[in-house]
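These are the structures in question, set out in turn.
Shared chain: chain A. Partners: chain B in the first complex, chain C in the second.
Showing the complex of A and B:
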């Protein structure tokens, strides 16, 4: 408890942000129906009910990514995390959830904790996830079976770890972009955005 | 910007999701306009579409309708009566039923499919479409139809519809096949989960419509005795006590028809036969889709006003709903509703989305039948351009038409300024 009073350290911030991504990605996968709804279970986090996958392979994959991400967050070398949703059959990119991460590199050097309570941060995170959920009001229905992919943008000089590979940005041509809320731990700032394919037909 | 950003989130419950998504700018605009109460711009655009509908003299009149409807959907995110969408769809769909060149036009077929979503029984509309040859070459029809079967758990029929589509050579074939693959995958998954979890099966059974849901609503307020007809899936499993299980009173102002035991009630086969439908069945025909069940509490729909004058035999063999004699409510509200309330009820009827469109269509078809039968013997003849006045979603007055013509004449050198 005393920790919350003191503020937030780089390590704590990295953990909070990584946790956000873990829940955020799960939410997106659930909301957009990438994986069948039966394979999700409800948990309570950030004072709301969220869905977490129970699919062991997916869980593994996500844990891997998040662990790696946490490291990079701690090093302040990560710039972006992107969830790309593609059509399984045509490989066409249909949706792109982009989370821009701004790291305050000064925190890495000084190491001094910042003044911001976990409560306030979680409040912000909650509103981001709420908004992610609310996007169904304008996102097009994904009519085909879809797959997802995670892209992480890091600083250029970073060594690509095993199990990771370089990738293109996988942009959508003719897309509609909607900026969502952002949150900050005062060390990491995360701006979210969703892009989806613009359809001209009815 | 940030302010407007929040706008869509604040209104998220009031935004109807669209299959093809919404453009965020249009959404913002619509929401902002609504908040400011600025309707003039909206009305102007609407008026422009309305006059274009009437003045269009190109060779693709459907195009205007399609644009108008698309605009309406984007501009009225909450849908509802204000958007007039159901009326628009209905008009557009009816306008071209006789127009062969549109029958397999993707846009037209999609309008139809959208129209069915507002109907209480899409199945009948699909069958009607098939009988009329509307969209029989379009994969979209079979997909929508099959989906509807799937939704009701009739997987065999869903598959059959798909086969029909393939047989007819509906285009695009690969879309149809992709749909079928997805359907199969869903069926497999469902079977797998029902094996592991038999509980779910029972739940599915309970989704059958239960009339008691009507009573549940009624019990809450006597004045608001208007109950939408297909409440079924809205509240499954609300079985209440027996005393609530009476008909909801004179919803349709018809006397209850007494069941004649000597007549064999027409049981409707689960799998519909494809007869030639001269007119789509009444909205109430919904019951026919379901398994035979209790026919108490069912009433005949009100005779259409136009049908009253001529004794036209109904297009479908009609059956008499079975009302048990002793099922009359003892002394509860429905019988006692005074005529004043009655008229209120009937006045609200046209707003009911799921009932009017199909009925209107049927009415029109009936009218056309009588026309051919009587050959215009005693028909009304309007000595004004009736079709122009009423052709849009709203009524135009002569002055508006004249003004439009005047404007057109003067704007001829320049192109259409309205669009």
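Showing the complex of A and C:
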């Protein structure tokens, strides 16, 4: 890791953000019950106990996406990461967890590490993940079988890698949005929000 | 008749022919002498007439021949018809005879057929009889065989029974011997029994004694308990009495204590009053203390203030020395101040007056400025007019000069013309020339005036432009002067400009706020869209992994659905096959139906059970029927159960079918107590009822009496 003790470099920031996404996505999958709870183990990260999947196919998929995302974070070409939860029976999008990424391009040019303690960043990440866990209380129940997908919003001129393809934004029809906390590594700022399909029983 | 008529016609025609023949002869003959005209003609005519007659005759003959032939034909026809009729009659007769024969034959055939059928029926009946007889024979044979077998069995049974009887007799003998031994034993046992009974009696007596003693024991125990209780109570009472005694002993001491306490009480009350007084005093003293402390503080403050005031006084006194205004008392200071204030007021007033005067002067100036401008304009206009007038004057003078010159010229010409006129008479041409010249002159004059008017207009325009320029210059100068004056003044900025500027500022502010609100709204909308995931397709694009879980899940689901559909179809076909085959499951081993062996066994058991049931029912019915018929025959009454617990008896010798006695079963089931119910028939038997049921209380006697009565009635009637 090239996170120097003195400050955060662009590469270090990209790694921190990618790590956050990897744990965050696992938490979302566990909390929303996309995969059965017994396929998750507990690990300690950011001074809290988080869930991590043991399903090999899912792990493979996540590592592929996260490594590609890390590259893009380093190039500052990624704008958003979205976790889309779709109902398999009706093919409707039920939830969208959207993470906006703002990159300070000046860091790419200068290369000098920024002053921000890792503890503070971890504290912020911890609060974000706690909030994600807490939002489950007011989100509508996912009663049908669901599957998830990861969408990445990038710059238009980016070259699409081999195993990737372009897709639509997969927006929710009649959604309610809730803005959650954000955290920043002083190079990358990540804003999180969740949009869910309005249920008619309300 | 026809022949006759034909004959008559023939004769008539013959007559006419003859007449004709005779006539032409006569005519021929007669005509010769009578008329002496041209003979040729007469010959010709006569020949013609002869020819005609010959033709007529020929035709007549042909006619006659034809009629004859016709008659012959008719005759032959008739004969043929008659013959045909005869033949027809004969043939019809033959036909009828044939028909009759046919009918007879058919009748014969039918009769023969009937006989045949009867013979067949008889044959079949005979066959059936034969078969029946054969069957009977067989049955009889079987019965005979059965009887033989039964006989054999019976013989066997008899032999067996005989053996058994022998055995049993032997057993009886043994039993008898045993019986005798046992009797002896019995006697011995009975003696023992007697002994035992005596013992039993003794024991029972003792037992009774024991019981009585027990009872006395219990009574005494009860008594003891009671006495103990009383003892306990008395002890308690004794204890209480002791306590009372001790308490009573304490009484005088208590009295003394009471006195002492009362004295103390009074003393304490006094002291209480004193203490309350003292408390009040202390409170008063405390308050005083507080006040004194406050007073002390105030005193300190006052002293401080005093010092301050002294300082100030000294300062004030020093001011007087410093300013040198002959000030020793504050009154002087105030006076000075008042004077200064008054001076200030005066100065202000002067200021205001000056300002107002300045303003008025300014206003006058501003008013005057446009007047000045106007006057200047007027002056310029006047000047211009003057110039125009001068130019006009000059022009006019020029014109006058020109006109005078023209006049002189014209005069000269006229004089010359006059002089010339006197000499010659070239008037028309000369007049023409004169006219031409005059016309030319007029044209020139008009041209001149046009030019002059144009010049005049141009000059006027130039003058107006000059005026405008000068006015503008004057305004500019005025503005410059105003600006200069504005720069000097500070308080006289025109309020109108300020107001207008303020209005402008307010408008701009309102617009700015409106724009800010719009901006906010748009930003919120953008934020909302951003939250929902919208993006600008120009700058961003959305990518995702091809092998992502959603697409994989969708594929799997589609495959599952297909698989389920295939399975569904397969199961449906299997079902159809099963329904078609009617439940035979021997081919399909994978079906979840229990093994067929059990089913068959169970079915067999069921069938056997049902058969048993049916047989039992039949047997019961037969037996019941037999029993009822036996009862009827033996007792003379047919007993029916009409309703639960009601029995209807109908006698053999009943006179009517409806005559019946009704008995009702009372009491518990099976006890057999019956009561007679009233029916029409029983009313006729009241005597018997009274005698046998009320007095003798026997139903069988009653029933037999009724039977005898009815029988006697029947035999009598």
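Quick note on the criterion: the second predicted complex is superposed on the first by the 196 of 202 C-alpha atoms of A that agree within 3 Å, B and C clash if a C-alpha of one lies under 4 Å from a C-alpha of the other, contacts with A are read in each partner's own complex, and residues count from 1 in each chain.
We take it that contacts are C-beta pairs under 8 Å (C-beta built on N, C-alpha and C of every residue); 3 or more make two chains touch, one makes a residue touch a chain.
Values in this document were obtained by computation on a predicted structure and should not be read as measured data.
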- Message: Between chain B and chain C, whom does A:193 touch in the aligned arrangement: first, second, both, or neither?
- Response: second
- Query: Is A:175 contacted by the first partner chain B, the second partner chain C, both or neither?
  - Reply: second
- Of chain B and chain C, which one contacts the greater number of residues in chain A? C
- Message: Contact-wise, after the overlay, does A:36 reach chain B, chain C, both or neither (first, second, both, neither)?
- Response: first
- Task: May I ask you to decide whether A:87 touches chain B, chain C, both, or neither, giving the answer as first, second, both or neither?
- Result: neither
- Now for A:141: first (chain B), second (chain C), both, or neither, which partner does it touch? first
- Item | Touching both chain C and chain B, counted on chain A across the two superposed complexes | 145, 177, 179
- Item | Contact set on chain A toward chain C in their complex | 58, 61, 64-65, 79-80, 82, 84, 86, 88, 91, 96, 98, 100, 145, 147-156, 158, 160, 163-172, 175, 177, 179, 193, 195
- Query: Along chain A, where are the residues that touch chain B in the complex?
  - Reply: 36, 38, 89, 130-131, 134, 136-141, 143-145, 176-179, 181, 196-199, 201-202
- Item | Residue ranges of chain B in contact with chain A within the complex | 5, 8-9, 12, 15, 17-24, 27, 66, 69-70, 77, 107, 110-111, 114, 178, 182, 185, 189, 193
- Item | Touching residues on chain C, where the partner in the complex is chain A | 528, 530-535, 537-554, 557
